[in-house]
């Protein structure tokens, strides 16, 4: 095992923390962005037999480059399966997906997420992307890992629009609604890690990120947040985990400012592939993956 | 304030682990008495069915669910294993009338057989539902006919959008599916070439899935053309290597239907004594699929393969 | 055009008569046996742009040999599509199939068919194959062509079990039942050709096969059969149509005693392929199909 | 006794006829004012969408139905063509926030946009229903959420088998589907390599289907590997040959996503003026797809192709 490092960014810490939620041998439903980085860290370190599904119809890809979107050709690269969305979405509705990463703009204490509108649905202050696959995964995946920025205003008493079900109104509510999946297992934010009480279904703080003040967390949550009596600090990323992410995504397209760097700069974009090819080959060789 | 961490429940996905075993091992491990067994017609899982017949004293009774079946279901019926069949079609195809099926339904020989009828697509939609975790599927088949009148599991309702009749069929989740396919890797990614009927949805519906294949290939080969994967590994429990594993029936791109053999078999199935003698010779008298193939003759099987390859082989995608 | 011939069998006449129901450019749902021979005659003569679907998942095959069953590898040979049954069955339920050939053991005056049981369902005198795809095609195909032997007892007042809907109880009944397709267009038997009255939905005799006596037909039908005022004799097969069928199926596996010939005789079976290969190649070349 | 021969009604199957036309011809022929237009995200039908924008004065208004969309729907929205969108997701993916969509919904710029929300799978099941001629499909998604509360087309019922809630979605039958795929023959048999999302069911649901492809191939090539045909000819009205026809987005096995271009575009879409200038330059300022490609640069497109081919190409099935 490599050593812990303090040379990491907050998005990297979140991705690594999410990676640790994934177990070896599991089947996970993964979107691009931070979940993809988490999945890659897991696959390249503690969970080599874990496989990911990508929404537009791929499973088990082993690419040598960074995917750009859920329908990206990269997701097809050396995959076990490629084809229709029905396969992967049908499988998850039928209970074959162990874990899924989802997100949202607002969350409440039961882990219900909003990714549709801020404000009134019919006259929104901010119109967002809509459910996408988030509602489907929140409904039917074995468990979900929720990742979101904690900006001081988005841990709310009531979400403006309930897009993706957490524990709904509390104990028994998912079952009563007819939902197949077991609901959220963890919430990973820019401040800490939260889980859910088995009896009340309410979110509680389990871990606090290094350098974050508990008082600031409490201020960033609208309800009276429960705290684990065993509250600990979030485990640091290892040097290897950071190396994996920076090898796959050297410009930090997903976890940093890469997108600003690349906008309009085709040569930089082509160079990103050129420069990451050999390090990726080397990394995958070292893991026995090619 | 109290807290109690949530226990994490396990999903249904099978692991990407080594899954190759013999037919004997797979049937022993997954097929038990009173098993609800799913099977489809493309391709015929003969190597697995023959092994079930060999283990009939242990297995005793199964309930079958099929869409269409030719021959395989009747091997089990004639061997006295089947208590009930849920079906769209069970007959001999080009081999003709299925006297084994008739004897069981009409005369209870070798044991009474309960039948639950659907149309083929109605039966198929039960697996379509299960494959997506749904309790039922609507169909526009079966309406107006007497199929729903004799099968209360089919519910005719007016659809809540246009107020027009639809016939609902309930999802079918077999305990075990037995399937024959073209090829698979050792962790259970399966490819079916040619026409494969309902094999895809059946595999997605069953709690346990046994797939016999013509060829075992590397995972690297699966990864070369992932569009051809019809049954991803997470549905599959066991891979059985059974070359010519659908004989007397065909395997697309591998070998042709052995009509001479099938017609001869059906001629013998016309009487219970003929059927018993046939399975005694070909199934109970052989210890495994390789012995059956030797009895049929690998020279004959090889000629059936050449006959198919003369007309079609899979190859380069240009 | 080649000339009419009197060198034909009754099954050949039926197949040719069914072939004439198929129009160029249509999409048809075809089972093996007599419908396959009809489809082949149509494709090789007046309907080169007609394509067939086969139930277990193939469309547009152009084989050089005789298919053995609906799931046979031959149906995949040089097809436009091969794969799942859902594709072809879904397409027909959605209205994409122009015409389908079906059969049954009993028929009534509305074209309703029984292929499930003779006698009581729960204590059958004869248990039959069951619906198979027949009910589905009878329900949703644009129109159906029914082919069956007329044995004197199977044109009945009431079928013992209504497996595949014709016009059900008469005018408007299909629509009321929610059926998508338009119902039977023709019934082709060993005695003649029947169609259905647009107003009453009742079967009437349109054509009588050469050598068949109208009195025998009336005796073979339990109800008071309507006769077309324009009753004509069934058009004879042409020499070419007979040649096509005998080239594809030289042993008359489907239209004669070929199955008796082949049962247990592997060498005869292999020879059938060997001997039919060059004539089939020559025939398809002459039609510009290869 | 009277008789009146039955008239024979025409089915929905498109003929196996020559279907190749230009994007201009296809859009002119099939896309009309108030058209209900279906579109999906894999792959992006950019060549067809750009042509719709060029013909916006004639088309005036469409209603969109999508599952997920990135970029293509917003090109139409920004161009003032869209009155309503039925959707699971409409945003920028890796390119980020979709300001075009936001302006339309929040401020009615350039025109008010009505939104009907589903989950992705809920939206997808509408085409699954239509593709099989069914009035609706059940889902286990959307339950418990507020999606059905704001969308009365989603009906939550207790299923008649287990008495458990299911959310029904109504079938969606678009007037026209615009699709980009890998390759097709001239009668319209289409193959989609890699991941293709809902392209298959969308094509089966629409009354008319326009498919742009990277390559036109012979029917003989289609017949070599019929398992790869994802959209048979009978669904298809028009085939448009549009190499690089998904740029700036990717086409599996053909070329890579042009992220530098997409990010730059989305930066400009942040304002209405920026968007207008962008479509003026790239769409309205080019007379067809070939001119667009020249403006982007075939050298650049070729490098994107090489970048994809370095990692994957389709090839031999061994």
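Per-chain residue numbering starts at 1, and chain names A, B, C and D are given in the order in which the chains are listed.
As a convention for this text, a residue touches a chain if its C-beta (ideal position, glycine included) is under 8 Å from a C-beta of that chain, and two chains touch if they have at least 3 such contacts.
Computed from a predicted structure; not experimentally measured.
Chain D has its Cα centroid 39 Å from the Cα centroid of chain C.
Distance between chain A and chain C, defined via averaged C-alpha coordinates, is recorded as 56 Å. Taking each chain's centre as the average of its CA atoms, chain B and chain C sit 27 Å apart.
The residues of chain B that reach two or more other chains are 133-134, 139-140, 164, 166, 193-194, 224, 226-227, listed in rising order. Among all residues of chain A, those that touch two or more other chains are 58, 76, 78, 82-83, 86, 93, 140, 180.
Viewed as a contact network, the protein chains fit none of the simple shapes, being neither a path, a ring, a star nor fully connected.
Pairwise chain contacts in this structure: A-B, A-D, B-C, B-D, C-D.
Of all the residues in chain B, the ones that touch chain A in their complex are 1-13, 15-17, 130-134, 189, 204, 219, 222-224, 226-227, 229, 232-235. By the touch criterion stated above, chain C contacts chain B in their complex at residues 32-33, 54-58, 63-65, 68-78, 82-86, 89, 93, 116, 121, 124-136, 138-140, 161-165, 168, 173-174, 177-180, 253, 259, 262-266, 268-270, 273, 277. Partner chain B is touched in their complex by these residues of chain A: 25-27, 49, 51, 58-60, 62, 76, 78-83, 86-87, 90-91, 93-98, 140, 142-143, 180, 182-183, 185, 195-200, 204, 226-229. The touching residues of chain B, counted against chain C in their complex, run 41-43, 67-68, 70, 87-91, 93-94, 96, 98, 101-102, 105-106, 115, 117-122, 124, 128, 139-147, 150, 164-166, 193-201, 249-254, 256-261, 263-264, 266-267, 300, 303, 307-308, 310-312.
Touching chain D in their complex are the following residues of chain B: 133-140, 155, 157, 159-162, 164, 166, 168, 170-171, 193-194, 221, 224-228, 314-318.
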